[in-house]
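Everything on this sheet refers to the single structure shown next.
Per-chain numbering from 1; labels A, B, C, D, E and F assigned in written order.
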Amino acid sequence: MFFHRKELQYHAKPDAPDAVFAKQVQELIGGQFGEMTVALQYLFQSWGTRGNDKYRDLLMDTGTQELGHIEMLATMVARLLEGAPVYEQEKAAKDPVVGAIMGGMNPQHAIVHGLGASPKDSNGVPWNSGYIIASGNLLADFRANVNAESQGRLQVARLYSMTDDRGVKDLLSFLIARDTMHQNQWLAAIKEMEAKEGVIVPSTVPPEWEATEFSHTLYTNADSTASQLDFLKQPAPDGAAFKEEESKAFGGVPELKPAPPQAHDTLPGEND
Amino acid sequence: MFFHRKELQYHAKPDAPDAVFAKQVQELIGGQFGEMTVALQYLFQSWGTRGNDKYRDLLMDTGTQELGHIEMLATMVARLLEGAPVYEQEKAAKDPVVGAIMGGMNPQHAIVHGLGASPKDSNGVPWNSGYIIASGNLLADFRANVNAESQGRLQVARLYSMTDDRGVKDLLSFLIARDTMHQNQWLAAIKEMEAKEGVIVPSTVPPEWEATEFSHTLYTNADSTASQLDFLKQPAPDGAAFKEEESKAFGGVPELKPAPPQAHDTLPGEND
Amino acid sequence: MFFHRKELQYHAKPDAPDAVFAKQVQELIGGQFGEMTVALQYLFQSWGTRGNDKYRDLLMDTGTQELGHIEMLATMVARLLEGAPVYEQEKAAKDPVVGAIMGGMNPQHAIVHGLGASPKDSNGVPWNSGYIIASGNLLADFRANVNAESQGRLQVARLYSMTDDRGVKDLLSFLIARDTMHQNQWLAAIKEMEAKEGVIVPSTVPPEWEATEFSHTLYTNADSTASQLDFLKQPAPDGAAFKEEESKAFGGVPELKPAPPQAHDTLPGEND
Amino acid sequence: MFFHRKELQYHAKPDAPDAVFAKQVQELIGGQFGEMTVALQYLFQSWGTRGNDKYRDLLMDTGTQELGHIEMLATMVARLLEGAPVYEQEKAAKDPVVGAIMGGMNPQHAIVHGLGASPKDSNGVPWNSGYIIASGNLLADFRANVNAESQGRLQVARLYSMTDDRGVKDLLSFLIARDTMHQNQWLAAIKEMEAKEGVIVPSTVPPEWEATEFSHTLYTNADSTASQLDFLKQPAPDGAAFKEEESKAFGGVPELKPAPPQAHDTLPGEND
Amino acid sequence: MFFHRKELQYHAKPDAPDAVFAKQVQELIGGQFGEMTVALQYLFQSWGTRGNDKYRDLLMDTGTQELGHIEMLATMVARLLEGAPVYEQEKAAKDPVVGAIMGGMNPQHAIVHGLGASPKDSNGVPWNSGYIIASGNLLADFRANVNAESQGRLQVARLYSMTDDRGVKDLLSFLIARDTMHQNQWLAAIKEMEAKEGVIVPSTVPPEWEATEFSHTLYTNADSTASQLDFLKQPAPDGAAFKEEESKAFGGVPELKPAPPQAHDTLPGEND
Amino acid sequence: MFFHRKELQYHAKPDAPDAVFAKQVQELIGGQFGEMTVALQYLFQSWGTRGNDKYRDLLMDTGTQELGHIEMLATMVARLLEGAPVYEQEKAAKDPVVGAIMGGMNPQHAIVHGLGASPKDSNGVPWNSGYIIASGNLLADFRANVNAESQGRLQVARLYSMTDDRGVKDLLSFLIARDTMHQNQWLAAIKEMEAKEGVIVPSTVPPEWEATEFSHTLYTNADSTASQLDFLKQPAPDGAAFKEEESKAFGGVPELKPAPPQAHDTLPGEND
């Protein structure tokens, strides 16, 4: 179960209001790789881990903290909206800067949330759990996690260039650092697991389930230069040799049978 | 631009109808890691690649083929529905096996699609482009891709156990093989890129943007065993040393200022 | 503004409970072409019609009635759930027929709605206004409408085969008839408009906005038989002649410029 | 910030596997009023509270615990799936009970999550943050909260009848009790606030913003019996007297002007 | 069934065009608490009411009128877009005010709807029926309704400050008044029902289904001030006494069993 | 299966950067009638066609090319973002034109996609497959297709007025032309099919399934002028005569039975 303490994990105080940047920061809260995603992804992965207690705990430790990251960013958004001229229509009509703010901000910050953060992305699209990955296979999921931390750190780095506010940059520098750690930890765990299981997920597929003649061939379009990639000359990560071939068909031309009358599909013979 | 040839990339012919399995196969078409996701993800990544032509072509080569994978699976679903007793209500009332089929199938296969495949997942939830990852940073995106191929191969392997149909298993064995190749190729490309750029994405963040004192510490809950993980005793993937500490707060308790009257928020003093 | 009268537009009384069919009927309420779509589509089209009062009224007349169709179907679903054994777990464990009902029904009918209809489709996916079409161009929108009534009547016809209940079939026979009328009225209105405006929407595009050398050519894949279609030998509906050619490219190979450093995209030269 | 302890807030151990019930329990995790909603709703409300610290803390205390409720239910789902015959296709073909399980379960439990819980509802629809309410006005939001706890307790009560498993019922009895408390606390807080602010939200609207002649009239359809409701004879909750009138229009018939040519809307005169 | 009359329920005529405000008004049409939600929510609740005819009629009376509220707002949006410079790119390049309008408006008003209203919220996110609440338990649903009218009136009040247009304000003053009435009526109906049924929903849960030792305790975080709330010293709304305790665990540490091999989950022993 | 060639089907090169227009062009990629919709709609229709090979090929030919249209538009968006001042916050603070760009652009172009196109619409809402229509009945689906091409051409025409960039207009002129062709081809195919099948979809419904007394009557509201429409004086498209009548009810007032106790619905007698 969970407990809360009122201190933030790190400072979240902008130097000045900025309603347009408040909209942009929402990407880090409720975007595909916002903190809602990583927090809930790690928690669901942890809750579904069967055995492997240390990994289960690692997921819980990290997920618990990401909950606190939503908190810091929600606080930052609420403060970026403090004192911003979001309801001042009269000023807006006269002052193009105020007008630009009221046009460029997220209207729901003013209308729906009363200057609080929204659980949505930078375009106001609701977060949804279709972003979450939790498969029960930890090697697969740690790969999802290292991707999430890579995308996340990339987005924070981009936002870093989109503001001059030192208070905002201070919080972003903390998030950049934590995503460095999280990339490191998932990469290290992956390396550990790959050393035991091999690199192809899931490692438990019997060879007779696989049409292995297709397991190492790169199929290319006629004008592609991909076959010149250096890595193709090395052994594949699973140890076999890469092959390369122009794309071709191994199956026949499919013909579907007519549907039964109750389907009311177009009857055969309309245009065969 | 794209061209099409009528042969399937591989065989897609079940031995017998199975409307319930047709519903389950939909996960591979329109699920989070179905072929719609990987096809469109690779295409959008390719279209956004700036320079790095061989990688751009690799993405296009792979995406083009995944389009053909949607085709094979759509054909398989259409054939699993051929001859299945999906409109035979009178039989269903008497025959529990037919009843179970009509209750366990996706009703939209009968009502909406007239025995064709649906662009949705195994629960009938529409595919949406929120699943797609295309960031412009190829190392980040190749990590997304190796995850997608890992989750995809895992799901195919699970479906392999959920049917006895040899025709279905034949197609699944091809998909298992292709996802082996795709894991291999993205892993190899990642290794190549990490060797040049380093392992932390994005590699272009200047050190002064990062609160580096937080870049290598695992923060744990009090009862966590994660600190016993072996990998913590090794250097982190980026070369520095991991540290470990019990979770704690570095920021203060946040207090938000009252909202302006136009927000009609609860006034301060209600319950302070 | 709107008014309501308590009589249903038509009877909506099943002969017997059927919780599984109640789930399937939901497609006609909250599916892509359920009554929620047509009702709200016609209302939004009407509210956006600028001049053209008789068409505006036609849209309102039809939309108003479709609201009553949601009502009839919601009543039907509520009655199909009356007396169905949806909470009788003990029976279910012993009686496979009851078990099949509890497994094949929409669980939200029991858990969320307390035996009332749901504003969702036959898989329990919420209706959303992304289904609605309202463009301000009536010829375009009447084409959307004739499609909606075609898809709708098709779905009702399929459901007609999926039940033996005479009460249900009675309501479906009314819906089939109304969708006949609605196809007729939109087709007639389209014919009327096409006679005045021409067949290509929008009719108001000046010729110099169009690369007319591409306005009548069918581009085909190499193995396509589409060029044998009879209609290609007739004048096109807008009066010009169809042409046919194998698919080819008219543009060059695109090269994108590198992104600025603040994007933290992969740098050029990684793999060119 | 947040902390976690490995003990569950309450027991979550079923007596026996039940894959179909595992699907139904998902409503309490990822449905509109599942624990994901209340947990995140209370957290976002707390993070947006400006002053009113005790209410802010109450929201945080309750939200923190609801996170632990997701955990208990995710554990319950994972255990309901332990030992359930979800991959045993051969048995299913012969044994109608196994067949009914494989048809009635959520296929993603087997294919996507490897027998773990899903962050989705009982139909497999992803949870989304459009369910969350956080307005900055606490009286409005506490009303949202008492509704959420009412809907939640109602759903748990329904599920209670849909299983015979004593372990499941034990957990449900805890959730029923907690939702009693949560209804009590929000009702009490509402009463406290209404006594200070008055009952109409927001209390801060100046009277001149309101067309008060419409503030207390019930408009009814011609055949409605609503005007016989007893409460209409009492003073309204805000102290004024209710009035009752048959529904009528106070505005004129709207006529929209033609759109500019660039809109390519239907031209006026098509059918006026 | 439904009938329509062409007069609007109230005036909906702005003094001047304002494309940016047209975008913001969309929140009242297709937002979580826009008129689409309340209209359809009341209709679905009415259609699902079993007995209790006067309440059923009250729901229908109110829902019918809310349909007319969508109509007024759709008309208002269409008129706010009349004469707004939304297609005048050449002016926009030279005139920063025109540029701000084209950047701050909803592009779909111009591109998709041809200057008509959209069935979406102020960020262009489609309305979906996941917003609707219709449980079959009227006390629960009336609580949902009073919340909806509270959130709705709050949003209208905020928009009132965001415009100077007297015509817009006139319509908003009518909506403010109607939401006063609707709060009054649901509050009065709730009071009436609570007097008969008691305050805890559902009132029909037998005491032996509830772990009553947890029904009145507030569990708090260590640094919370919530236990100082005045209402805790009063009897709880259901008559019992509130208790207060620091948050603690009543369940054990959960351990999940390994998954069967067909799940291809991580095997136990990877890192225990 | 599919093949790709690197040349674009047509030129896609703007004269100058324009980040706000890049946002607007997204409607043509990931909007309801963007190229993702038509491409995937035609492919799914083709894959579900049973017999009728020439139509099947026509669908595939057209769908294959629409894939290339996504490619052209994604390239256009990427180039419109090249050199646009999207990360230049310092300039933005001083220069209102730069400020307007950063407020009016899609923030995800900068934060999420690193200056690449997004698979979403002009408001940043993800594309979803709920837009796709594929019914197995080709006459119904060709009507969907002619609507899609009408809406698509309309949107392109509107965008044509919203830019002065000659490179953009060049691409739009190609899209306008192709949508002319596609309207022509679907209209011609529809005419061909209607001549064989008749105009009412599906043509295979037996007359005894239809309550034919309701198949040709226009029901109108009391103040509607729709009955004056000229087309009502002509025979209906299916050959019968139109009738006209004021809207009325043919069914009785529905009464629902009380729910069973396990539903915990409001009991009958609360307010009858």
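The rule we apply is simple: a contact is a pair of C-beta atoms (placed from the backbone, for glycine too) under 8 Å apart; a residue touches a chain by one contact, two chains touch by 3 or more.
Bear in mind that the values here come from a model prediction, so they are computed numbers and not experimental data.
Student: Show me the overlap between the contact partners of subunit C and those of subunit F.
Tutor: A, B, D, E
Student: Farthest from subunit F by Cα centre, which chain is it? Let me know.
Tutor: D
Student: Looking only at residue numbers at the subunit E/subunit F interface, is the share used by both copies over half or under half? Answer same or different.
Tutor: The interface is built from different residue numbers on each side, given that under half of them are used by both copies.
Student: I'd like to know which pair from A-B, C-F or A-C copies the B-E interface, where a copy means over half of the contact pairs are the same by residue number.
Tutor: Repeat of the B-E interface: A-C.
Student: Farthest chain from subunit E, comparing Cα centres?
Tutor: Farthest by centroid: B.
Student: When the Cα trace of subunit C is superposed on that of subunit D, what is the rotation angle, expressed as a multiple of 5 degrees?
Tutor: Here the rotation carrying subunit C onto subunit D measures out at 120 degrees.
Student: Just give me the whole-number Å value for how far the CA centre of subunit D lies from that of subunit F.
Tutor: Taking the average C-alpha coordinate of subunit D and of subunit F, the gap between them is 32 Å.
Student: Between subunit A and subunit E, what is the separation of their C-alpha centroids in Å?
Tutor: Here the centre of subunit E sits 28 Å away from the centre of subunit A.
Student: Hey, what residues on subunit B touch two or more of the other chains?
Tutor: Residues 1, 3-9, 32, 48, 50, 53-55, 57, 60-61, 64-65, 75, 78, 87, 96, 100, 103-104, 110, 112, 114-115, 120, 123-126, 128, 130, 135-137, 139, 154, 157-158, 161-162, 192, 202, 204-205, 221, 229, 247, 249, 256-257, 259, 262-265, 271 of subunit B touch two or more partner chains.
Student: Are the chains arranged, by touching, as a line, ring, star, complete graph, or other?
Tutor: complete
Student: What part of subunit A is in contact with subunit F in the complex they form?
Tutor: Answer in residue numbers: 20, 23-24, 27, 31-32, 96-97, 100-101, 103-105, 121-125, 154-155, 158-159, 161-164, 221-223, 247, 249, 256-259, 261, 263-272.
Student: Considering only the defined contacts, which subunit D positions touch subunit B in the complex?
Tutor: The contact residues of subunit D facing subunit B are 1, 3-6, 48-55, 87, 89-90, 93, 96, 99-100, 102-104, 106-108, 110-112, 114, 120, 123-126, 135-139, 192-193, 196-197, 202, 204-205.
Student: What residues of subunit A sit close enough to touch subunit C in their complex?
Tutor: 154, 157-158, 161-162, 229, 262-264, 271
Student: Which residues of subunit A touch subunit B in their complex?
Tutor: Within the complex, subunit A touches subunit B at residues 5-13, 32, 53-55, 57-58, 60-61, 64-65, 72, 75, 78-79, 82-83, 87, 110, 114-115, 125, 128, 130-131, 133, 135, 137, 139-140, 143-144, 146-147, 150-151, 153-154, 157, 160, 169-170, 172-174, 176-178, 180-181, 183-185, 187-189, 191-192, 199-202, 204-205, 209-221, 224-226, 228-232, 234, 236-238, 240, 242, 247, 249-254, 256-257, 259-260, 262-265.
Student: Any idea which subunit F residues touch subunit B in the complex?
Tutor: By the definition above, subunit F touches subunit B via 1-9, 30, 36, 40, 43-44, 47-48, 50, 57, 60-61, 64-65, 67-68, 70-71, 74-75, 78, 112-120, 126-130, 132, 134-137.
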